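Below, each structure is written out as structure tokens.
Across the two complexes that follow, subunit A remains constant while its partner is subunit B and subsequently subunit C.
On to the complex of A and B.
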């Protein structure tokens, strides 16, 4: 009673739904979208025994239409929803939008506000990386590495809460500066907690990064050569782990990053171990930047240029701004047609570009190494889907 | 470094942390101390005042019923509705005041920025859970009550680690 299905019909179906030729060696396995080891996405892996022969990431389960929503709201009301894709890195995902809108409506930012923004962005980067690291720990079965970063993250969240009034989704940056000044006595508290935070993350070396069990899992798995990293268009920590010295904060400095001494961490190996180590090294760099910014920040002055509640585009009508977010270069392309609402907002997140490398990295790996390779790409499903 | 010494080092690092203070906020008994009185906005300078973005506070004598907060919320969450207030109260000319649905509110604070009369600000109260959806809708009468919150835990850092003292 076998029913004949025409072969040309099956090819039109989306990936994963196609009827496949039964092979007694190759098995297709859907990892996700509910699997706690994949986030809100599916990875369709084909395995031969324990080895992956093909992997096809299938994102798009949490698409929210952020770009379309941005077209019907004015420049200020876009702020709360545009930071939703990455709620624990909301300052950095909003940064390029705010820089772009400042160009479009043509306003200057006070000097103090620029430093406050840099501090908020670096604190937020630490919050993101700690969350990422906690999940990387639990993916590899290292539950201590879940507890420690998740706990130490509280130090940074506490500082952001004092600054912005919210623990996540701060809505803090605004075209023309920031919403409110930092509270009194914030510098001392910030310096104390950042110093203690740095002392804490140094302790991760013994238990995680120098741990031979972690090294056995991650070294020489998912190797991405520097040529491939450029060819596939990866960004952020993935690019730097493959030996390319590229950081938007250094190469195209925005706000006051050119006045600060930013050091880029580069590793040569390009394997999962190097990719997991770069964000950890970036946290030390963030602590350095926060300390420098606290020192150089003007002690008083305005933090916000007055802007009418419904600003219209007057300057450039098309801008593209790029910043270094926790996951790599995050860009926003904003087009204005002189109306209060933007004509188009295109988000170019780092996550999506890093995901492109996944099928190439997984080919030939063992299935057990898939979480180690997948999460080392510094990928956040919601941001990639927008 | 050999495999055995690496494992011993990792275990040792974990054992050392038995002596480190516990960094846990025991929530219902302890509550984090928040900055100031809550997020406020100074219309004369156009800059906000740092504070926690929690449940709103409404000053009936400042509110003119101008609708600006609900217009600001339209593009964000549509949580603010302007409702008629009873004539027995002291009220503005239009006799309307904002009513906020906390089932929809995202606590961005743009309504506070929009208010030109300093009538609305956000307080330190964040414990808003309710058994019914209607319980999340706060009428102008409920919004004018100043919340009484007991928040005193702060992060203390010493040689033995950080703790919520």
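On to the complex of A and C.
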């Protein structure tokens, strides 16, 4: 049997490698994966002059098979590697896994551990948002906005280091509580640093958010209406910037969030400016939550229910838990078949859902708006690729 | 991976030095000495103290302390010195190097970090030298399908054009400018017109997408901002009635033009930021959209040359702003607080014991005074300032003003994000051109009411 030679070779080439005709008005740009304006991913952008006519995000460059790896390790050994997709937000990405495993194994969590978890999760959310904001600043050519959040992030990292012993990859949450108790005198240090942090991030308004050039660049670019935001299935800050009041911490409270007063920040514009402002407002909210949690936390007690070694699930069980991570609702679907290893762990990260809005938003935009729109979607390529 | 450094051995070290010395001697003997001889044979030799300088006389005078001063003076007043060192490229490159260092340190302070710190022990002062050495030692990579001759020549042309720009700037009174043209300002416009051509040539010859987009952006930006740039300077030309830059500076001995033309100065400053591709107008090098714009394919010392050229260009634009709006070298004349005798003939401090062997005598510093008799004239009240006084204080004022302008060019980098191309063109064509016409009408009004200009009140 002879193999048929395709007449048109361009049809067989993968996207992004299509040959261009000389007289074509459209130019194809491979933005990434080796590009300072993309993350670990590629956006195949077709431009006509200065206007984008087509944008095709191509994720998967840093796919590591975390979900498959989870099937050959037991419930405890999964913890350190399941946080790898977002090491800057490691507490929040582990949160749904730990909640799910607690359901499967059937274990109660002490009250103090729940508060400690909330404090760690909110601190980690601030760390992530600062990192994200730094990159948003440098994408818009604002180098001071790169350096300030990257420096102020250290305050929160220091606190997390005191709690967990690690600066970035904490592996702090375990089924049944947290790995270790917080150190003595932590409450005072935490309160002081959080107050100072709040004072620092207020200054970002002067240099970044009230900057007339920034407003002129990001306002009315990449507008996502509230119907489109729901239809495309976006979550987190993208959804809230489009005027929809949705936060997992409020709508489906987990651990002790229902005892805390959580305020959801909503903006109606749905443009890049609103999408970049929501995470910044979320940081103020996180500071409030940390202060409340420090007040209401039981001052002493256990932070960990002892697990038996190599815990097993009880029969065939299936559980889906989700939390509000820095990038939106992060879910974990865990299926157990009574063995020490989970049968299947499906990660459903928030950033992958936000990416789907990118082709819709970029079409018809100018090339100069591409970084402003792309990074305002609160997308973290490594987490989306898993 | 760990790299084990080779063990230091004195014998190898000495052998390396001897090898280098050997090759240096060979090269000097085979190339340097014949070149010097050819130069001495064909070149015009200066006349010093009534004697034609020959090679033999030069060697004789080198060891004669009395002749050192005339030799140095003749060097300073030669064209080579002007082009290579003081008002020309060396001076500009020195200020450009200082600018890079100040930019990095200032930006670091603004962003709550340290900046260059280790290289050179004192606040990383040798960082630039280290970066330069690194760039020189790197391999030059050229895209396979690039138009190689044009791609090679573009960085060199860029630096050469920047140097040509520098050569038109008068720095100090008494003709301290490489090319003192009567149409100096016109020549400046002509030189500025070369930059977009070189940018587009280098971008197109790289045969790559990102440099191409960057080059087109640079072309749009430079061409559309050249018009307000030129129009904003016309007000000064109308009032002074000359295009000679030295005469424009001398017309500001009472007041700088920025007092009467703040609008022109603002328009010129904004257009200058765009021509220099500084933030917020650094679209041709916007790294988050088009990698490094038209610089993407340059590597090694080609990139270094473009960077050197752009900072020399920055100095030249700042100096042009100073010359036209801030009064160039004009300012209160001062002399380093030294006695007149120290400069002219040298001091003789007799020993308090009266011992003639312990008398200290200094040689004097008459280097900056063309004629020591000027001091006598000044004492008699016929001359207000000597040439040396005017030169020294003029250069100091010029450098101070230029550094101040450079500071304001650097500052937006820490404060503003990058602008978008349509907003940029909107600013250029709608706002700046209108404002520069307003400036011209102000100048015409001042001229026809007889307040300023030739025959004016002030």
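As a working rule, the second predicted complex is superposed on the first by the 363 of 386 C-alpha atoms of A that agree within 3 Å, B and C clash if a C-alpha of one lies under 4 Å from a C-alpha of the other, contacts with A are read in each partner's own complex, and residues count from 1 in each chain.
Everything below uses one rule, namely that a residue touches a chain if its C-beta (ideal position, glycine included) is under 8 Å from a C-beta of that chain, and two chains touch if they have at least 3 such contacts.
Here the structure is a predicted model, which means the values were calculated and not measured.
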{"item": "Subunit A residues touched by each partner, larger count belonging to subunit B or subunit C", "value": "B"}
{"item": "Which superposed partner A:162 touches (first subunit B, second subunit C, both, neither)", "value": "first"}
{"item": "Subunit B versus subunit C as contact partner of A:106, first or second or both or neither", "value": "neither"}
{"item": "First, second, both or neither for A:368, with subunit B first and subunit C second", "value": "second"}
{"item": "First (subunit B), second (subunit C), both or neither touched by A:144", "value": "both"}
{"item": "Contacts of A:65 with subunit B and subunit C, given as first, second, both or neither", "value": "neither"}
{"item": "Which superposed partner A:233 touches (first subunit B, second subunit C, both, neither)", "value": "neither"}
{"item": "Which superposed partner A:50 touches (first subunit B, second subunit C, both, neither)", "value": "second"}
{"item": "Touching partner for A:217 - first (subunit B), second (subunit C), both, neither", "value": "second"}
{"item": "First (subunit B), second (subunit C), both or neither touched by A:27", "value": "second"}
{"item": "Residues of subunit A contacting subunit B in one complex and subunit C in the other", "value": "144, 151, 207-208, 211, 213"}
{"item": "Of subunit A, residues touching subunit B in the complex", "value": "72-74, 76-81, 144, 151-152, 154-155, 158, 161-166, 169, 171, 179-183, 192-193, 196, 203, 206-208, 210-213, 215, 302-304, 306, 309"}
{"item": "Residues of subunit C defined as touching subunit A within the complex", "value": "107, 110-113, 209-210, 213, 279-280, 282-283, 286-291, 413-423"}
{"item": "Parts of subunit A lying in touch with subunit C, wherever the complex brings them together", "value": "27, 29, 35-37, 50, 137-148, 151, 207-208, 211, 213-214, 216-217, 366-371"}
{"item": "Subunit B residues within the subunit A interface of the complex", "value": "1, 3, 6-7, 9-10, 12-14, 23-25, 32, 34-36, 38-39, 41, 45-53, 72, 74-77, 106-110, 113-114, 122, 155, 157, 162"}
